[in-house]
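So, here's a batch of structures to check.
Shared between the two complexes below is chain A, which pairs with chain B and chain C, respectively.
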Partner chain A sequence: MTKEPLQLSSPPTDAFTQSTQLQLNSQGQLRHFLSINGLSKELLTEILDTADSFVSVGNKTVKNVPLLRGKTVANLFFEHSTRTRTTFELAAKRLSADVLNINISTSATSKGESLKDMLQNLEAMACDMFVIRHADSGAAHFIAQHVCPDIAVINAGDGSHEHPTQAMLDMLTIRHHKKNFEGLKVAIIGDVLHSRVARSEILALNTLGVEEVRIICPNTLLPHDADSLNVKVFRDLDSGLEDVDVITTLRLQKERMNSAFLPSEQEFYKRYGLKRSVLKLAKPDALIMHPGPMNRGVEIESEVADGAQSVILDQVHFGVAVRMAILSMAMSGQTTTKTL
Partner chain B sequence: MTQLSSVDQLLNKIESDLSSYIHDHNLNDPAIIGIHTGGVWVAEHLHKALDIKLPLGHLNITFYRDDYSQKGLHPRVKPSQLPFPIEDQHIILVDDVLMSGRTVRAALNELFDYGRPASVTLVTLIDLQSRQLPIQADVVGQSIKLAVNERIKLSGPDPLVIGIEQVPDIGNLNT
Partner chain C sequence: MSKRIHIKQGRVIDPASNTDKITDLFIDHGKIVGIGSLGGTSRPYPDFTADLIIDATGLIVSPGFIDLSCRLREPGQTHKGDIKSETTAAAASGFTRICCPPDTTPPVDTAAIATMINEKAAAAGFCKVSLLGAMTKGLEGKQLSEMHALKEAGCIGVSNAWHSFADNQTLRKCLEYASTFDLIYFSNPLDKSLANNGCAHEGAIATRLGLPSIPALAEVVALSRDILLAEQVGIHIHFCQLSSAKAVKLVADAQRSGLPVTADVSAHQLMFTDECLDNYQSLYHLRPPLRSPEDLDGLKTGIKNNTITAICSDHQPHEPAAKMAPFPATEPGISALETLLPLALNLVSVGQLSLMALIEKLSLAPAKILGVDEGKICLNGSADLCIFNPDKQWTLEADSMLSKGKNSPLLNQTLTGQVQYTLVDGELSFSKNEPGS
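For the complex of A and B:
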């Protein structure tokens, strides 16, 4: 595959302001969904409330509503994904949108077409929304800055930057089970360094006002900017899991590791694997979450993943409703601007 | 100024007219569904007064509105609750005010996503005689025509209060 001629850099230092300006229209409504960074507690709560309304749509005989009828959503996945792409596809279809799934590895970009040319072609086909998954951090921001003004861009994961829809479905799962965020202690275990999920989740949890966000990982998997993330860092599960309400374990992202971060998977499991023996340190009703796909026996023990405290399948269930909320809100943010 | 009957008079009229309608049309064991929010309040009254056996249904048509692209989406939509099968069921659909007919159009669309009812009867407390679609009610409390600077105000559920209020005439605010 030809490398795109993108000038992608790590997110800019004034990312907060830039994100806010790019993501919201002049009325403060969502028009792109690129990053949790820069979004207010009120807006995140509005996304969760809207998603709650969509949960019941999945229980009807006909699981569709006509909100996005006549709109076209293009799923542009430059990086492989099954769960995220299928839940985005399902969400768009349940909103009655037409969906294009573009498999980049077999598309014209592999024949040398630039990303910009490809996007212009999709614009010419009158697509209304792009859902982007890309291996480079900042890809969705870049595309949002360059598309036509009435196209909404949704970030479905960019490099090790952010995965904001995953964070929001995790927030919906937590709110569903714990009712509110105040007073919660949340632990995130494992490969925080490479995890865009962790980055978005830490931002969302802090914005929504949990008591404490902990990250538990070896030094080699600790992000360099951990000090600025408003988290408590722990080196071992014994101290980190004490008294927590929610535990998220992350997948070891072997595809993003280009040097020796760990002695071995077995060693990682021994020290950081979520097992029944360490689970008892957390609160007895602590939720167990995992963004998937799971490596059983690497970051989580099978009995824990399938146990009574696990809400991993709830996360997938809520993923469709959260994505329906974000798609419809972003589309509404485009159209309401246009009429004004 | 347009004269409006009292809430009790309106409720009594639709209750009695609906009862005759159900009898005349052989609507056996009908179910009552109110359209959120005012229609639910009126439906609650009819449900109790006519001693309907099936539980009351709530229909929220937010996701079926045809003005979503202009007005956007309202968060915290209370989901529709239809605690009985719609298939082959006689349905009494209740709204507070029938104006353009667009709400009822959306309600019928949503209803048919749950199944194919045997029949749908439309009941409304007030018909404003300003339909934009070929939809009319079978049972009407009062049919009135409002002046440009008047609009119906309904509050509830307990007590249910209906009245006509004056709005400043500053042109068309329908956007």
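For the complex of A and C:
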């Protein structure tokens, strides 16, 4: 028997294809913002340039621009968050949108309503955009793909997958201080295994063309097949911090301590905590970043967090502008999609 | 009402007798009473008159397929599937016997549940059913179930499905008790703590997608433990749905040292890898998870060198809502009965297996594992047959699927190979077209 092998419309060999198609309209404009994965350097730069133009809005007496007037943005937080939710709210309000904040842990899904039903109800109430944080990786993809294809979906953190707006505000902070990305060495310290911030940052840094991304962590917190992320892996700060331009320390979740991942906070701090004593290994003008909220004395020493090299509050400041940029670009891309 | 049936000019392939020839079959009272054209008389004996003639020209006549893992979902989850719907789908997919794991709700841990399923399946009449009994009460892995009563009620083996055992001592005692009654142990090897509530193969794809992952190690550690315990106890152990290359190697090692260890693999594990998970396609959410291309190669080597003797469907029908959620929150499994033949035939098309070897893995080999005298075409043997067209192209559509579960990643794809007739004990349990009389 000689026959052609079973011809299946098999999944794309290029892993980036599908998620790019989902995020962009046929003009190549952003219509959802789900993942850094597959976005071009040009698009990321456009986001940063747009954000730059919004930075000044926050410094004016009247802080509003009318870009999203008449639009309704729903902040759907299935996981607790203060900073991310607040900056998204502020960003939407400065764009003159109506904002709906829904804290789902106390809402419908705890009554057994499915995620799909709940979102379709909100869609029926004519919301224009969903900002979603969810404990499951792929939640934002799921919603953009299967639930509400006509609504712009912004990923505000999904499981251990990505936190793309956090990565973009970190990129804006780096560009603000370092002017460009070429030649930079960036170190990411801590729980890379569970960190959605780390995944998005690694992708964004590599796309924007830094010289080297390093991750520094014990083997228990190292992602499987870390090499596939295009990073250099270090197990200690001494070698990992040598000559770096930017240092990001990740938040260590309480539940990882005193478990099979780490023996104790003390041992982690001693070996991986960012302290003045190790900081001198990096370049003298190295930036210190943290996505927040910080555990002082666990992943970072107070004096370093509050020191001259720290840009942690800049990150928060730029967070509003970056989210304004992403909200306005996605809304515009989604509107264009509908008229195409 | 048993009929006399004449199957004309089919390509009869029977692995037990190493037969592959175009010939006729004659059936009377559920048995095969004649093979061959019988000197042109077309009668096995003078007074044979066919009530039904099936023209099998251009079709393959093989022993009925036997599935080592097929979930009917009844009792307890009839929104996903029920005995009638799923045995109907099995018959339409060429199966004459299916073996069902005990993880219904409640599980098959009492004779009453086993009897209820057996009676309903017999009343439906589409397919013979072999049940696996739960090894522990409620599949909780703590208290031995009444395995003797389960055997009396027709269970041919015992299993704890995907549920783990409280500790190794409990498992050892379960195996010793099962071996008392010559029950086979069907193992789904998965170490619960290493699986860590994961939903995807531990590798670059799960890392990029941020999905909680199940390392191949979770399978290998459980499988190694089971082999060691089974060796100690002296029980036939059958590993269900292997997924990793390393597991295949360990099974081969055990077989080489003479242990009674057998294994199967699902047809879709032989087709897909974890690359299918890109963009969180929940229809590819399986347990065990789809693994790496290297693991796929290992599984293919295993079926080629007969370490893995049987290919199963691992049919798991679901209602649409079970797959309509973010990937980690979806339920694992594929509604796989109706695509088994095309997926399996693909192994022949790409030169992995001969057609004879494939049919053996779908019929004779699983029959041997279940200890039933089936899976072959011989005089006075029961007329359990599958008649299929290996070249027929068709499109899988949700509306025309007979299973209640439409959860197939192959929906709307063109597939090659289609069952035309299925006969159980000489009765047509499925017919694609009205046969001529």
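Everything below uses one rule, namely that the second predicted complex is superposed on the first by the 317 of 340 C-alpha atoms of A that agree within 3 Å, B and C clash if a C-alpha of one lies under 4 Å from a C-alpha of the other, contacts with A are read in each partner's own complex, and residues count from 1 in each chain.
FYI, contacts are C-beta pairs under 8 Å (C-beta built on N, C-alpha and C of every residue); 3 or more make two chains touch, one makes a residue touch a chain.
This one's a predicted model, so the numbers in the text were calculated from it and none came from an experiment.
Visitor: Of the two partner chains, chain B (first) and chain C (second), which one does A:Asn37 touch, if any: first, second, both, or neither?
Guide: It touches chain C, and chain B stays clear.
Visitor: Touching A:His134 in the superposition: chain B (first), chain C (second), both, neither?
Guide: It touches chain C, and chain B stays clear.
Visitor: Could you look at A:Ala226 and tell me whether it touches chain B, chain C, both or neither (first, second, both, neither)?
Guide: second
Visitor: Give one of first, second, both or neither to describe whether A:Asp158 is in contact with chain B, with chain C, with both, or with none.
Guide: second
Visitor: Does chain A have more residues touched by chain B or by chain C?
Guide: Answer, by number of touched residues of chain A: C.
Visitor: Now for A:Thr61: first (chain B), second (chain C), both, or neither, which partner does it touch?
Guide: The first partner, chain B, only.
Visitor: So, does A:Met329 touch the first partner chain B, the second partner chain C, both, or neither?
Guide: first
Visitor: By the touch definition at the top of the document, which applies to A:Phe142: first (chain B), second (chain C), both, or neither?
Guide: In the superposition, A:Phe142 touches chain C alone.
Visitor: Taking the superposition as given, does A:Asn25 touch the first partner, chain B, the second, chain C, both, or neither?
Guide: neither
Visitor: From the superposed pair, tell me which chain A residues show up as contacts to chain B and also as contacts to chain C.
Guide: none
Visitor: Enumerate the contact residues on chain C facing chain A in the complex.
Guide: 202-213, 215, 271, 275-276, 278-282, 321, 324-329, 342-343, 345-346, 348-350, 355, 390-391, 410, 413-416
Visitor: Quick check on the complex: what are the chain B residues that touch chain A?
Guide: 62-64, 68-73, 75-80, 109, 113-115, 175
Visitor: Residues of chain A touching chain C in their complex?
Guide: Touching chain C from chain A are residues 1-13, 15, 18-19, 22, 37, 114-116, 134, 136-139, 141-142, 145-146, 158-162, 196, 199, 223-226, 228-229.
Visitor: If we count contacts the way the header does, which residues on chain A are in touch with chain B in the complex?
Guide: Residues 29, 46, 49-50, 52-53, 55-57, 60-62, 64-67, 328-329, 332-333, 335-336, 339 of chain A touch chain B in their complex.
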